[in-house]
Each structure stands twice: as structure tokens, then as C-alpha cells.
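In the two complexes that follow, chain A is the common piece, with chain B as its partner first and chain C second.
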Partner chain A sequence: MTSLTAAGPARRKRRLDLTVPLFLSPTLLLLLVFVAYPFLRAIWLSFTDTSLLGGTLGFVGLDNFRSLFADPSFPTYLRNSVAWTVGGVGLQLVFGVAGALILNQRFRLRGVVRGLAMIPWATPSVLVALIWMWLLDPNHGLVNAVLTRVGLMHSPVAWFGNPHSALATLVVVDAWQGIPFFAVMVLAALQAVPEELKESARTDGCGVLRVFRYITVPSILPTVLITLVLRLIWTANYIDLAYVLTGGGPGIASTTVPLQSYLTAYKEGALGSGAGYAVVQALVLAVLVAIYIRLTQRREA
Partner chain B sequence: MTHSSWRRTGAIWAALAATAAVALAGCSGGTSAAASTPSPQNTDTTGQTLNYWLWVDNATDQTWQKLADEFNAESGHGKVQLQIVPAAQYLDKLQTALSSGNGPDAARMKDEWIGQFVKAGVLAPLSSRIDAWSGKSTVISSGWDAGKVPGSNEVYMMPHQNTALYMYYNKKLFSAAGLQAPQTQADVLADAPKLTGNGHYAFDVRGGAGGQDQWAAWMYAGGAQFVDSSGKVTLDSPTAEKINQSYLDLAKYAPPGSATATYAQVLSNFLSGTTAMMIHHVGSLAAVRKQFGQDVGVIPVPGTDPSKPSTLQTMSGNVIFTSSKKQELAWQWETWLLGDAQMLAMSTSPQGQLPVTTTVAQNAAFTKDEGYQVALKAAQTAQSWPQLPGTTNVVNATWSPTIQEAFSGQITSAQMLQTLAADLSK
Partner chain C sequence: MVVLERALPTRAGRSVDRVSVPSGVALKRLLGRPALYVVIALWMVCTLGPYVVMALTSVTPESQLVAYGMSRLPSQLSLRGYAELFSTTPFVHYMVNSAVTALGTVVFALVVASAAAISLSRFRFRGRTTVLTALLVAQLFPAVLLVIPLSTMLRSGHLLNSRPGLVLVYVTFATPFATYLLKGFLDGLPRELDEAATVDGCSPMQMVGHILVPLLRPGLTAAGTYIFIFSWNEFLYALTFTSSTAAQTIPVGLQLFIGDYEIRWDLLTAGGVIAAVPVLVGFMLVQKQLIGGLAAGAVKG
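Let's turn to the complex of A and B:
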């Protein structure tokens, strides 16, 4: 009888141990097939001479990385990546928070405006690219026509065709597309700020700015930080706009590291070298991923 | 080792040897003449379905599907199933599919892509089939040349549609500037400043996707040679450098954005009268005639000496993959497409180009407009991109950024050609 009683909890424990992996197994299987395998395969490819048509010709060690770092264009790709990511997300942060504060106010048709504000985010990237390609066309585009007509410019500007303006223009288009996401995330956080806290602060004599500084900002800060890191990771990997609007040009003026990875792998057919760029990108982004995990864990705690 | 283990080991070696023999036979079968020569036993393709990949130049045009339906309605052979892939992703998807073993049996192909496919050993050689084919003599000779790689006489592509590039010029804009149609590249450069001003420009230099073809037409017309007779790349010669410089100089008389412009922008600029000249081919003839009627002239691409014309021709055709088990059906489909009725239907369709058979080229459809006449005459002396393994890379990846850097003065004409020559030689 005693032995039966002792075996009971042990059996229950064993069942519990099996249940957890069983429930996790579908997710683990999907992660293994669709995340771990491609990731490890990309790392392996980066150490090989592999072409799209010819297959893997052999193991080349660090050769792909040596030629990547020896490429005189590589510093430009890196600079472009930093400018694209920091510029795009920076604008999204500033205008996203400002937009959220405006949308949080009471005004007529607020629901409609909130819905319309999401349109850029909900529009497919290629469509966004085509809209802006038409708007900014130097010869027949609306933006050049208006700016020239009102006298702000003497002659049309090739926004995507000039090496000095191509990347900056891409950053603006990316910001236009990404601001609504930032705004909605911050708006959700703003709506969760306890009204009693604000009321107490006002009762204690705080003005609008001090309420914002000491009540609103600390309340929305965790959401802003997580959104910021998330957008940094997404934007750093985002190549659709540049691929459609400039192809990385003029020259390499708007080529980022992930775009070069794609162009090398699929336009030049050099999968091994392309994977090398992807691995470098992944290493840099690993820092941001670590920050994101840290932030989300802290929030859960 | 016991008797049974010896026997087991022997059986394993025998199985391995048999497997290797079958594998080697399979490998060599793809490249041997036997595989590409029709034999009486394997000409019956009834019951088979061919997986054929293609891109279409006009997404609304149903000519390809109508032709496939006609082919499938005929008896005596198998059927073809079309797999249409968007043109922009066609080459990427085809390469990826072939490398993963999921490629089609046959596919539409451009001459400028052939080099790397031949190098990878994925294209079935077709010469022995062509030699035995009764329709061989009806195909223009440059069509067969477009399917070869330098240093070899083997043909890997059945020609289908051809384009020889020529120049359009806006007669009203030229007349307003007191100019005649340009005869030489020197004329174009001299006329360009007179055609530029008040929102008008001389010529779109098209540094974006697809621009390499009009640039190559200018280079060939000026007398540049991309490779010599031995197949050595000579694109960085002093002659080529001079002709390339004249093309770069035209950027001063090009509309804003021309250094990165693609076809849509170039055509839009010409049709709106923003530019006075455009290098293209009969693919745009209908749109140009609709806009301008007879107010636009069609002339050969200006060169150095009008008595020695040259231009670029781009040939699209059909290939058969060595991995296919339906090579006979693929051959039947690809030769059927070269029949007179089929060729006429395709060449006169909204996505049609020049026919590659002499009989169809004499049809009234190709004699009524001077555009066709200029193009057909230009095709006689036109040259293709050299079918080198590095050509796809240049056409697909490196030409645009390299010439864009040259347009913006970051590199010189000579440096641009050295880069392209090195990429062609890879």
C-alpha cells in the first residue's frame, strides 16, 4: 500500500514530463524545418563556393568573408544600412509618437481618421513603391510638378536617380509606410495609462507637460522601446522598397547589406557569397534581438 | 570473414557498381548526341505532358495559350502545359528550380542567358536533331548562331522570336530644330544640344533595368567588338572606350532620372514628346504609331560609318533540359512553334517580334511598315551579346550599377569597360 502511494506522484511527474514536449513538438518541428534548417544551411553555404546553377563546388573556409570584407564597396553597404535603418526608424519614432498623441485626443470622426491612418501600413510594399515611383517621377510626377509650379524648385529633381538623394528619399518613403504601425502601438499604450494617475498629478498641481513627462512617458516607455527594437530589426532586413525603386542604385548609393546579399545570391547567382552577407547581417542583428528578448522578458517579469 | 559475409559484401559492391553505371549512363545521357537524336522507338509521345516554362511580354495577350491549345488539340503527340512566370523573376526562378531538381522539361530562353546554362551542363545539345529536321533551312542563320557559345558549333537553343534594335526619331521635334534624321553617332551628338531645352531632351540613356540592350546596340553600331574571333573579351579596347564615352556624353542631354530609368519611363518620355530619339525595337512600334502616326521616323541605330551598319539583336528561343525525360515531346513542341501559321500568329500578336523564318518574314504583315523593314534589314548585320558564362551576370547584375557610376562621374569610361570586361570573362 505504501509502495503504491509512493509510486503515484512519481508516475504523475513522468506523465507531466512527457506532456510538455508533446505539446511543444509541433512548434519545435516547424521551427526546426522552417527556421533552424534554413539558418544552419545559410551558415554552411557561406563557407562554400556555391552557385545557383552549378551547385556546391567545394568548401572554401573563410574565403567568402575575406572577399566580402576586402570589397571596397562593403563600407558603403554598411553605411547605407545604418543610414537606412536609423533614419527610417528615427522618423517613424518621432512622427509615430506625435501621431499617437494626436489620435489620442477627442475630435470628430476620430474613428475614421484612426482607420485611414493605417492605410500606408496595410498597403503591400510593392504597391507603395509603385505609388511613390509615380509621385516622384522627375518628368511626369505630381511632386515635381507641384514644387516646380509653386516656385520651390527651378527644375525637376530625379529623387531616386541622384546618388545624393536616392537613399534619403527611400528613408522618407519607408517612414511614410511605417509611421502608422508605430502610432498604433503607442496609441494602445497611451490608452492604457491609468486616468486616475493623471488626475492625481493634476490635483497635485502638475501642468500638461509635467503630467506627460512624469506619468505618460514612463507608462508608454516599455511599449515604445519594444516597438523601436522590433522596427529596427524589421527595417534592417527590409529590401522591397529599395529593390523596386532604385535596385540599390544609382551605382551602389542605396545598396544595403541585405540587398547586396539578395543581389549577389540571385542576380549574380553566387549563393555562397550571398550567404556570407546574410551571416554578417545576422550577427549584427543578433545584438538587437538580444536587446528585444531582454526587454520582453523584463516586461513579462 | 565468413562465406556469407563475403557474399554479402560482393552483392553490395555489385549493387553499387550497377547503381554507378546507371547514374553515369543517366549523366552522360544528358549530354550525348544519342539523347538528342530522335530514335524510332521514342518518337511516340502520346500520353505525355510537357512542363514548359515561359515569360510573356504582354500579360493580357492570350497568343501563347491559344497556340498551346492548338498543339494539344492535335493528335499524334503529347500535350504541353504552360507555366507562366513573371518576366522580372523568370531567370531567378528557373535557376532555383533547376538547382533543386524541380525544373521544367523545356523553357523559353534568351540568347544572353545561354552561356551559364551551358557551363552548368543543364541544356540538351540540339545540333544533331536540327541537322535531321526538314525545317532547318527556313530559319535565318543568325538564329542558329544565337544558340551557340563562343568556341563551339553546338546549338543549344531553337530560335523563336528576334529583335534587332533600331532608332525612332520624332520628326516634328527634329523639324522644329531645323534638323534632319541623324546618320552617324557624331550627328546624334551634334544634334543633341539643339534638341534639348524648354522641357525637351534629346535622348534617354536608360541606365536602369534593360538599358544594357540599347547601350550594346550603340556600341555595336559604333564598331565596338565585345569578343574577338577566339572568344577573348575585347570590350575594354580603346575603340570601345571611345564609343562608350560618346554614349556617356549623351547623358547631358537626357531627361532627369534617365541614369536610372527603365523601359516604362523611357517609352513614356518618348511618347509624350519629352525626348526626341529612342532606341528600341518593333515591340514598341504599335504604341509609337498609335501616338505619332507617320510623324515618327524609324532609322538604323547611327554608327560610325553608315555603309557598315550594325546593331544588337536579342533572340528568344526554346531550350530542352538534360534532366527531362520528355525531350522528344519538347522537340516536337519547339519545332511546331516554328511552323508558318504559328510563327505568323506569334509575330503579329501584341507581344510579337520579328519572325525567325524566312517564309513568314515575307508576309505582308512585315512589309507594310518601314519599322519592320528597317528591323529586318538591321537583323542581317546585327550581333548578339556574346554567350559567355559571365554574360548573364553583366546583363542581370553589374551593367546597371556600373554605368550609373560612370554617368555620375564616379568612374571613367575606361574603368566602366574594364569592370564589364572582367565580369564577362568570369
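Let's turn to the complex of A and C:
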């Protein structure tokens, strides 16, 4: 009996040492091979003139970056990136918070509505693109038909074909797809606001708006911030919609930096130069990533 | 949106607000219940309307679509879009590739992620926080940065244009979030259970196998669904790493169709409906757990 209890902890401790490495190694191996190594390799590629067809693998130093910054279109890519990211996430923030407040009310079929509201999140990006391509079709699209019929427009608009509306339309489609996720994140935070706190504020004579301002806003603010940064990172990197709907056009009217990276690498076949754009993108985003990690870890601590 | 519109004027005159709004007023009373239902109905129309239009388009005769688009309801139902999709296009191949890739990813990623989640939730060891941060950061890398080196790596491993190659990449990128989801679930299971098992003489392996895995089942369902949705919907990697019907998935196929069948909206939307059904059904079945896990995973870190 005594010997058993004495042997127990020692044996357990030895096994523990094996369990953790065994359980973690597949994940760590995958991350090393398919994330860390490609990351370093992408940086290396950006200093070479590697082509898609496996051509020369010569070291060209900073040439890719020099020609990238010298490109007269680069400021447009940057501006488009900022407009796309800030526009899309801005809409998601405003409507996401409003949506969360609505979903937090008590109403019939609330559970079903919450589920249905999230459907765009679970939809393939190409399908979102296809649906909106059809709804916004200049000749047969429902949106143009409705808007001209109620008299808001005189003639149908080619939403994606016009350099002035292409990017803005993409932003709206992105918001349509992204608002539900934002709303659900904020909703989770709203549900964690202690009801007693709100109740006692009310008995102290606070009106709806003051309860919202002094109780609700401070308690959901960390989540809103984290979601905001997370969405900024995701949206900045998100090129599926633009790739399918406009291909970056008309001209370069809706080309963002990551899209240009992809097009350079796989349409022009210049992997090295494409990697250059991606490295610039990653450097800019590194700031946001650092903020995100800071915010989440402060939360945990 | 209405929430904000209504809230702003009141905030301007705070004294009015205090007089007219008695204590204990919820947002819904500020809005009024009918208004709340109107807003929710509008939201649902904006969210679900596009899917309804897509489904209706897929059963509208082609001749009517060419003449009127979707401005009229279909005069008769036609399944020709679906029939042609299966008889004249390689859509069946895309479906098989999507299903095999997604299910393969679910199996592998669940094993990898639950092992990682168990070690991160149940054991304390040096480097644990580093691993958690690494998982977080791995999700934030721009896909366009990794896609270029990954494509050259897969080519040298003869894994380009193959379903196993795609599965490997998807497992890598689905695992971090699935791990967080499962870890959150495990953290909610009382530790007394595994302590009791260990006291009863279970080895860590037995404890995991007999106690944790059975209890983890609901978490595995949610994580599995997340992984399925992720791989079924993924576009950029599939687009880059596949080049023939041997491995192309539904999103890639749909994107090709958009170019090839530009005016065949009955056919395109039929493909869209088939692409949407599995993920949306899966999502609705586990939406409650998944939404909860999503919110916790991204915010808590």
C-alpha cells in the first residue's frame, strides 16, 4: 500500500514529461514546416528574381523592393488597401455593434435569428462573390431593377465595371459578409455584462443611455477592440472577393497590395517580385498583429 | 442602425432623456417592440434574401433569365440548370474533391488539434504560453505571403494538384483555431475528473482516453464543423495549388464557371446552391456551440 502511493507520483511525473511532447509535436511540426519555414522562405524569395516556371533563382538584393516603390501604381495600391480595409471594417464595426445590441434583446425566435444572422460567415467567399455578381448584374440584376423601378436611379449601373464604384461596391459586399461575425463577437461580450450592475445603475436613476455609456460600453470595449484589430488584419489580407469580382479592375481601381502580390506572382509569374509585395504587406500588418497579441494577453492576465 | 439613429438625438438633450425615460428601461422599450421586429425582419431579409434569389434563379428557365433577369418570379420551375451542371460540366469532380479534402482535413486536424488542446488545457509546462502565442500568430500570417513559398514547396514534394497536398495545408491552417476551440471546451470541464482518474491509478494516456475524449465529444462536433466549413470554403490555396479536375474543389470550379458560363446564371446558381447546402446545414446544426467557441477563441487568446 505504502509503496504504491510512493511510486504513484513519481511514475505520473515521468509519464507527464512524455505526454506533452507527444501531443504537441504534430501541431508544432505542422506550424514549423508550413508556416515558419514558408515565412522565412517568402522573405528570401523577395530578394530573388524567381519566376513561376522555376526559372532563375538569382539573388537580386533590394531590386524587387526598389522597383515596387518606384512603380507609379504603388500609391494607388496602398490607397486602395487602406480604403478597402478601413471602409470594410468601419461598416462592420458600426453595424456589428448595432446588430449585437439588437440580438441581445429579448424577442421571439431569438436563437434561430442568431443562427441565421451568422450564415454569411459560413458561406464560401466565391459563393458570396457569385451571389452579388448576379444581384448587381448591370443588365439583369435585381438591385438595378429595384433601384430604377423605385426611381432612385435613371439607368442601371455597372457596379463593378465603373472605376468610381468598383472598390466601394466590394467594400459593401465585404461588410455584408463580415458584419455577422463582428455582431456575434460583441454579442458574446454583451452577455457577459453583469445584469446586477445594470440594475443597480438603474435604481440609482441612470437612464438607458447612461447605463449604456457607463456600464455597457466599458465592459464590452476590450472585446470590441480585439475584434476590431482582428478584423483589420483579416480584411487587409482578404483578396478572394476582389479576385473573383473585379480582378482588381477596372484597370487598377480595386487592386490592393495583397491582390497585386498575388497577381504579380501568378498572373505575371514573377514569384520574387510578388513575394516583395507580400513582405511589405506583412511588415505593415506586423504592427496590428503586435497590438492584437498585446490586447489578448492582457485580457488573459 | 436604427438604434443609433434613435439614440443620437436623445443623447444631445440629456435632461430630456432623464425626465422622459424612467428607470429600468431597456433598449427594446426605447425602440418599441414593433420597431425592434421591423429591424430584425429587415436584417433577415438583407441576410437571407440573396440566398433566396440564388435558389430561385437556379430553378428559373434560362430563357426567362435572359429576357427578364430576376425581376419576375419564375413562371415555371426548371431543373435544367442542375441537369446540365452534372451532365456537361465536371462539377461532380469538384464535389468529390471538396468532400474528400474537407473530410480528410476534419479527421487529421481533429486528431492534431485535440492532442494539442489536451496538453495545453490539462498540463502545465515550460513554453506553454509561447505555444499559445505561436498558435495565435500562425493564424494571422497573410495567406498571400505564405502561398508563394508553399506552392514551390508542394511542387518539390510532388503534392501540387493533389488532394493530400491540399489536406496538409488545410490541416495546418485549421489546427490553430480548432485547438483554441477545443482548449476552451476542455477548460470548462472540471479538473476533479482527471484528478480522480489519476488518483484511481489511470496513466495520463488512460485518463485522456477514458475521461477526456468521451467528454470532449460535443467540442469535437463543433471543432469538426468549423474545420469542415474552413476547408470546404477555402479558395486562395485551392486556386493556386490545383490545376485540373483531379484536385480542384467547388470554389475553384465556381470561379472557373464564372468565366466560362458568364450568361448561364441558372447553371452558376445551381452550382452555388450545391456549394452552400453542406456548410449551411452543418453550421445550423452546431451554430450554438460554434458561435460560443468562436467568440471565446478569438477574444480570450
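What we mean here is this: the second predicted complex is superposed on the first by the 271 of 301 C-alpha atoms of A that agree within 3 Å, B and C clash if a C-alpha of one lies under 4 Å from a C-alpha of the other, contacts with A are read in each partner's own complex, and residues count from 1 in each chain.
Assume a contact is a pair of C-beta atoms (placed from the backbone, for glycine too) under 8 Å apart; a residue touches a chain by one contact, two chains touch by 3 or more.
Just so it is clear, the model here is predicted, and its values are computed rather than measured.
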| item | value |
| --- | --- |
| Which of chain B and chain C A:Y292 touches, first, second, both or neither | second |
| Superposition-derived comparison: chain B or chain C, residues of chain A touched | C |
| Touched partner set for A:F160, first chain B, second chain C, both or neither | first |
| Which of chain B and chain C A:L221 touches, first, second, both or neither | neither |
| Which superposed partner A:T27 touches (first chain B, second chain C, both, neither) | second |
| Chain B versus chain C as contact partner of A:E268, first or second or both or neither | first |
| Partner chain(s) touched by A:G247 [first = chain B, second = chain C, both, neither] | first |
| Partner chain(s) touched by A:N139 [first = chain B, second = chain C, both, neither] | both |
| Partner chain(s) touched by A:L127 [first = chain B, second = chain C, both, neither] | second |
| Partner chain(s) touched by A:L62 [first = chain B, second = chain C, both, neither] | neither |
| On chain A, positions contacted by chain B and by chain C | 54, 137, 139-140, 266 |
| Chain A to chain B touching residues, read off their complex | 51-55, 137-140, 155-158, 160-161, 163, 246-252, 255, 263, 266-269 |
| Interfacial residue positions of chain C with respect to chain A in the complex | 1-4, 7, 10-11, 14, 17-18, 21, 23-30, 33, 36-37, 39-40, 43-44, 46-48, 50-51, 53-54, 57, 65-66, 68-71, 111-113, 115-116, 118-120, 123, 125, 131, 133-138, 140-150, 152-153, 155, 168-169, 171-173, 175-176, 179, 198, 201, 203-205, 208, 229, 232-233, 235-236, 239-240, 250-252, 254-255, 258, 265, 268-269, 272, 275-276, 279-280, 282-284, 287-288, 291-292, 294-296, 298-301 |
| Partner chain A, residues of chain B touching it in the complex | 92, 95-96, 98-99, 116-117, 119-120, 122, 207-209, 255-261, 265, 268-269, 272, 274, 392-393, 396-398, 400-402, 404-405, 407-408, 410 |
| For the chain A and chain C complex, residues of the former touching the latter | 8, 12, 15-16, 19-20, 22-24, 26-28, 30-31, 33-35, 37-39, 41-42, 45, 50, 54, 94-95, 98-99, 101-102, 105-107, 111, 113-120, 122-127, 129-135, 137, 139-142, 145, 149, 176, 180-181, 184-185, 187-189, 199, 202-203, 205-209, 212, 222-223, 226-227, 230, 233, 236-237, 239-240, 243-244, 258-259, 261-262, 265-266, 271, 274-275, 277-279, 281-282, 285, 289, 292-293, 296-297, 299-300 |
